[in-house]
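There are two complexes below, and they share chain A, which is joined by chain B in the first and by chain C in the second.
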Partner chain A sequence: MNTLFEPNYLRLISPELILTFCAFLLLGLATVKDRESKAWTPALAVLSCLVTLMVLLALTRHLGLETLRVPDLTIGFNGMFILDAFSVFFKMIFLIAAILTILISDRYLELERAQAGEYYALILFAVVGMMFMASAGDFITIFVSLETMALSFYVLVGFLKANRKSNEAALKYFLLGSFSTGIFLYGVSLVYATTATTNLGLIGASRSLEALQPDRAPIFLLGVILVTVALGFKIAAVPFHMWVPDAYEGAPTPVTAFLSTGSKAAAFVVLVRVFTMGFARLGDRWAMLLAILAVASMTLGNVAAILQDNVKRMLAYSSIAHAGYVLLGLIAAGAAHDVPSREFGLEAVLLYLLIYTFVNIGAFALVILLRREQIVGDRVVDFAGLSRRAPWAAFAMLFLMLSLAGIPATAGFVGKWYLFGAAVRAHVTWLAVVAVLNSAVSLYYYLRIVVMMYVREPAEAGRIVPSLGQRVAIAACLGFTVIFGIYPQPILALAERSVLALAPWTS
Partner chain B sequence: MLGLLWAIPLLPFLGFLLNGILGPRLLPRRAVGILASVAVLLSFLVSLGAIAAIADPVALAAAAGGSLTTDAGHHRAVQTLWTWMPIGTSAQGTVLRVDWAYALDPLSAVMLLVVTGVGFLIHVYSIGYMAHEPRPAYARFFAYLNLFMAMMLTLVLGASLPVVFVGWEGVGLCSYLLIGFYYDRVFDETTGMTCADAGRKAFITNRIGDMGFMLGMLLLFATAGTLDIQGILAQAGTLGTGVCTAAALLLFVGACGKSAQIPLYVWLPDAMAGPTPVSALIHAATMVTAGVYVVCRMAPLYQHAPAALLTVAVVGGATAVFAALIGLCQNDIKKVLAYSTVSQLGYMMLGAGCGGFEAGVFHLMTHAFFKALLFLGAGSVIHAMSGEQDIRKMGGLDRYIPWTHGTFVVAWLAISGIFPLSGFFSKDEILAWAFRKSILLWGLGAGGAFLTAFYMSRLYFLVFHGRARFDKETRHHVHESPRTMIVPLVVLAALAFAGGVLGVPEALGARNVLGEYLAPVFEAAPAAGTAAPAHLAAGLELGLMAVSFAIAVFGIFLGWVFYAQRPEIPATFAENVGGLYRLVAGKFYVDEIYDRVILAPYYALCRAASWFDRYVVDGAVNAAGYVTLGTSYTSVGFDTYVVDGLVNLTGYTVRGASWVFRKFQTGVVQSYATAVVLGIFILVSVYLLTQGH
Partner chain C sequence: MPVPPSHVLIFSLLLFSIGMLGVLTRRNAIIILMSIELMMNAANINFIAFSRQLNNLAGQVFGVFTIAVAAGEVAIGLAVVLALFRNRDTIYVDEVHVMKG
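== the complex of A and B ==
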């Protein structure tokens, strides 16, 4: 354990290394003035993600998913990096989210006249950050990878240089993001002060018990709270959500899609890792803290979404509400007293984040579809009569909205069902009740879009023709929602097997 | 045919896909209608085959194997198609999962026949009724109609609550799409409500009910550890009265939404904004009975929860009378029928709530016949009147549209409860059960029966008799409907006339075929302690029958006097009790009350939340001392960052930066950060407070 570096470790991070290399390659290409090569950058970016995904899967296959549960074999760099099935699951989410985002970006950037290679490079850098977050086993790794992701996003949010909203969003996101980083570091320092380590495994194994001695407990717990707050900021939980509506509205729409799925999932992976590994023994206490955040997020998110006239803002509040739902699974993992129920809670978290990635990117893809010359297309009324202008796209949006609302026979229902079921199993039924009430409310604003598309006359005639990338992305999201809504077996099995990787710490 | 159970919902679904994808542009108009109808007809035939297969216990036991499991004693067959959601393992180590499975037993058999049979007739009728629509709308209509059938059949066949729930939400969605079919048409002129608004109202009201359904489902899952319906019912005896009552009441909230019971009935009259065949199929014969179906399906659960059962009975009885009262003063032909539907659904609930589940199902069936007939007849009238729906502008139509008139008479007498039409027997059975439970419930039922006979007679005489009150232009166009519309009317009339044969009470010396057929479904689990109420003496039963017959005749007579003989009476009557009349004609102002009491505060809450999110933190800055402390702390921290940020920003966009700077100077970002600090403060104080204990 004391070797600082072994050549073998490099194998563990090979997917990340490849992606980093690709990102630099794209950045280099961006400096070339040649127009021809620029047209190829999105394709190259997708290709990079696909290659990384394949390497990741090959590596997983080579090591064996079963092996990825044995702690000793998969931990590298002195416990700072963990390649287990759990992290592989999330890395897949990030890569898929990135691919979908790139697919829906091309046409949008053209219309915004912001076509540039560094955009794609930044997305890849963000993914590199997220992938390291998924594998981080130490507060230091978490901090560095979190910042890698966040810095990429600060730039991406403000990518539309000529757009005031985009600039404002970037500045706000940057300021508040830095603030939350400060809080995170403060929390980590308090935890370090009481446990003398930043390694999650060590904290979880014995140090947290020592830190709970009366003389140290208040400082240690304040550290835990501050870490919760900082991560709560990243997942957009109330009351740390204030940046979300502004940032989501101002950012280029594909970035918003990526921010609401990839970045949120990345924050959740850290949250899960920190709480189930490092703070596993305080399950009851942090479950209560998270319950406050969950109830506030669900309620405020859903209620405030109702009055929004801007679809991106509405989806921002919806995303706040969804963060609240997902917290239910984590709360269940903390509050439950038996191992199967804890695993069930985590499984629900994994499942929901995977589903949400597809559904939400799909929804934003539709918003992007409406962006045309001179028309921003992000108001609710812009959806008027879409069923006549682009019947398939409208059908996709109908399904995605129903999925977000959790109507049965869509993937969204399966995900919600697992989250609520997890809460019930962990005997926090009251939370499940609050969540059910909230999801009933949420239908109202999702339905507004459906009403607009199917019921109102279009303001202008003419069909909307999606680009190839948009077609592929929307079809993938729709297909995922429909197929796994009816037959969710494969993703359920995947989530179940991925969660088992955390077993040593959940028990 | 049992092996083909999966095909029953799938056939209409294929029809939906074909019509939805190819219909608007590729298929000829005739093909669209025929395709949709044939899909439902095939489903009907498969259902018949499957139902024949469960009738014989020996053959049924032999049919088990593969995906089929059977329970010959209860005439039940379950086909498991695939595992939908595994839930994990229970404390006892058994694997819990939700299967995508269809179950066929006598109760779902009756529902299947009603849904596919009546559904098929209405499909055929729609071919004629919708003939004037442009082709894309025509194809869209049939696609939605087929989708509805698929969802309704899923609801009826679902073997576990989540599968039922898929159908439950699915029919809600189709109902919403079909109510809003003429999306741009203004439907209610006084409120300016469009058809689309009506659809939305239906969907949202139903959602309140669905919440109950979902919570009930969660409760049963938490306590019984399974969601399989038979699994839950088998445990009903061990769950305890409290759990049973809570679960039964929650499911009943769902049933109230779907079956339009007090207080959630408000959506159904507005649902009449949809095309008339939709009103007949969805809002009279099938979907709205789903709530009654679920209550009957969960009958053993309700039998272990007497309080819940009583609630069902009281709500049902109250709805029956209340809606009938409102129906007295409506002038739109479809709205009269809508309130009548609400009232009749109340009847079914009353029957089920008094323990007479088979009576409820019996009335569900006969009601499907005569109410579908009434709606289709009304559609034919509207068709003949070139779209006029106000009964004050009709009259004397019996000469112009004889077939419609003849079939309408059958339906009118059937719903009024005239012997020996179907409605008499089913209503009588419900009244008998109510009488066994309490004389008060019987009184509600009998009062409802009188009102029903009266307002239906009013409708009949105003539409078909007396002076023609329409203008020359309309008179010129009045015509009998095409054959595709008349044939379904005649078939339904035959069913509405003779459907009662299935449930002739034993007091009349016949066998109650339907009651015996359904009995295995409703027998409570062996552990149940509730004994069935004693059978009424034959003499008493005959007496009750005579009374209900007399009530019906009296209602019709009064209607005849008021609206055919002395048309001036109602006007004087309305004048003399003006206040009361306005109250009833204004539908007791329930919609207005909901607007003021529920919607207005709710919107205020929404605005408050939105406002809170934007402004309250600013206010907090000024208000609270500790927050000020936090603010000063954060702004010091931020100033360093702000400078950096601005320097970088001015590099490429001075204008943008200045704007952002101005924005920043108003303190917005600070207040955002303050919210974060406030959050920390709350979490820490919550922790400290709970730590104190």
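== the complex of A and C ==
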């Protein structure tokens, strides 16, 4: 008889509990009328994330996850919650993304006159959802945490209530988001009907083999396909990308930054967990399914990005293309026949998502920098002459754009190198070729912004002065891109050790 | 007399398809919302029927969670539609297109 609850379980989820408590505290502070104390909300939100990060690392050290002996798992709540090095890696990504997002939010919200405590509380709630997603070992936990994140994001995307674009973005995101939830649920119900469990570990260990008996296989495979489709919506892969350009363009820019990094990474962590734990024995089948999504995402994302005049929309299509690149690593993990190649593929996924978080939030921070009174500042032409108006910011944008395009000596290059390398190693070389061709295409629209900044004359004079939060965020993103572009060993080692936690299932 | 599982599957698949068709063809945001509810309830029927069939409680637990989360989703969905209606005087999704491309 399993025990339903042990006090020890609370310790495993202590970082999430602390963050939830902080989010409620911020929500309470939002009701205070006093403007003085409201000015402290962003700082408190950053502090909450930092404290959570510290508790998480302390807990990791205490449980000995950093030494990483395989099988290196701490399972709680009867397999529903898994605290392993893999989930800790992603939780770090989410917390860092949240901190950067909060840093770039303050000035923007002031300009939009939407300064409100509940904004920060919602960001923290979204992070709580993401953190549980990283640790979810059961379809029930995946569903509830996915919804915690998604519901927070629906509100955040529509946060500018008086703004028509924000309304429209929220409506489209909400309708397609809950549509994908419906598909996900139905897929899971079919998987449950054939395997008699919702636990990923159990499905992966033996139940998926039983479910592949001829009498049950069609229902089971339909379930797998529906789950893939639903997660395809969340990672923004073509043909489930319709909501992305509108939601990204209409949402408040810091929310777009968070949506394109945190939410995407969270969807990928579920994708990796479901496919490597639950459906590991179907590896070659879902690898083919994902290969179609990857090729479509890369090609359509890059071609459509060329045609955009709005930077947020361009970055939206670019993020669709990047979802395609990241899928390469997961496909390699499914298609490869030997364990090291599989782990290499997953490693590349982790590495790229970490790098992409810094680079993309940095790029959106620059878009926010151009937002001033009366000027929305999200068109490509708004970047004209930025090198004269804000030399350091333009330099940062130059590096971030080169990194997104994957030029050597930037972190983006390291990430792509490993992703494409993983595809070659798993003998899906044709996918790597498609990806390289697409990278070449993408160079065009990233360099367009660089040309704007350095060659064109500015439309107006006057320097642009970033706020303190913006300075810190941009410096952090630029520093990460430059340092790990030249010396990637530390993050490589981190990704390598984190993937080992999945070893019981990848072998 | 117990209902055979294949009948449950056919029924839920029908319900799911009706919901999906509604989402894809209807233009009224509220009706799309209702269609999404149909899809979720199709999943619930599967969960509960197979929970009994397989003598396993996880399905019923999942059903309870789905119902709770769906309620939260409707609350947020209506708020989103309401904010849109205040600015635009419409809830028809094909009339909402400031952004293109």
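Here is the rule we go by: the second predicted complex is superposed on the first by the 498 of 507 C-alpha atoms of A that agree within 3 Å, B and C clash if a C-alpha of one lies under 4 Å from a C-alpha of the other, contacts with A are read in each partner's own complex, and residues count from 1 in each chain.
Assume a contact is a pair of C-beta atoms (placed from the backbone, for glycine too) under 8 Å apart; a residue touches a chain by one contact, two chains touch by 3 or more.
From a predicted model like this one, the values you see are computed outputs, not experimental measurements.
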| item | value |
| --- | --- |
| Chain B or chain C, by number of chain A residues touched | B |
| First (chain B), second (chain C), both or neither touched by A:V436 | first |
| Touched partner set for A:I292, first chain B, second chain C, both or neither | first |
| Touched partner set for A:L151, first chain B, second chain C, both or neither | second |
| Touched partner set for A:S178, first chain B, second chain C, both or neither | both |
| First, second, both or neither for A:A162, with chain B first and chain C second | both |
| Which of chain B and chain C A:T198 touches, first, second, both or neither | second |
| Which of chain B and chain C A:Y444 touches, first, second, both or neither | first |
| Touching partner for A:V188 - first (chain B), second (chain C), both, neither | second |
| Contacts of A:L307 with chain B and chain C, given as first, second, both or neither | both |
| Where chain A meets both chain C and chain B, residue numbers | 161-162, 164, 167-168, 171-172, 174-175, 178-179, 182-183, 245, 304, 307-308 |
| Partner chain A, residues of chain C touching it in the complex | 5, 9, 12, 16, 19-20, 23, 29, 32-33, 36, 39-40, 42-44, 46-47, 50, 54, 56, 58-59, 61-62, 65-66, 69, 72-73, 76-77, 79-81, 83-84, 86-88, 93, 96-99, 101 |
| In the complex with chain A, residue positions of chain B that touch it | 82-89, 100, 162, 165-166, 168-170, 173, 177, 180, 183-184, 196, 199-200, 203-204, 207-208, 210-211, 214-215, 218, 221-222, 605-607, 609-610, 612-613, 617, 634, 637-638, 641-642, 645, 649, 652-653, 655-657, 659-660, 663-664, 668-669, 671-673, 675-676, 678-680, 682-684, 686-687, 690 |
| Residues of chain A defined as touching chain B within the complex | 161-164, 167-168, 171-172, 174-176, 178-180, 182-183, 221-222, 225-226, 228-229, 232-233, 238-240, 242-243, 245, 285, 288-289, 292, 300, 303-304, 306-308, 340, 344, 402, 407-409, 414, 417-418, 420-421, 424-425, 429, 432-433, 436-437, 440, 443-444, 447, 451, 454-457, 486-489, 492 |
| Chain C partner contacts - residues on chain A that touch it in the complex | 139-140, 143-144, 147, 151, 154-155, 158, 161-162, 164-165, 167-172, 174-175, 178-179, 181-183, 185-186, 188-190, 192-193, 196-199, 219, 245-246, 249-250, 304, 307-308, 310, 313 |
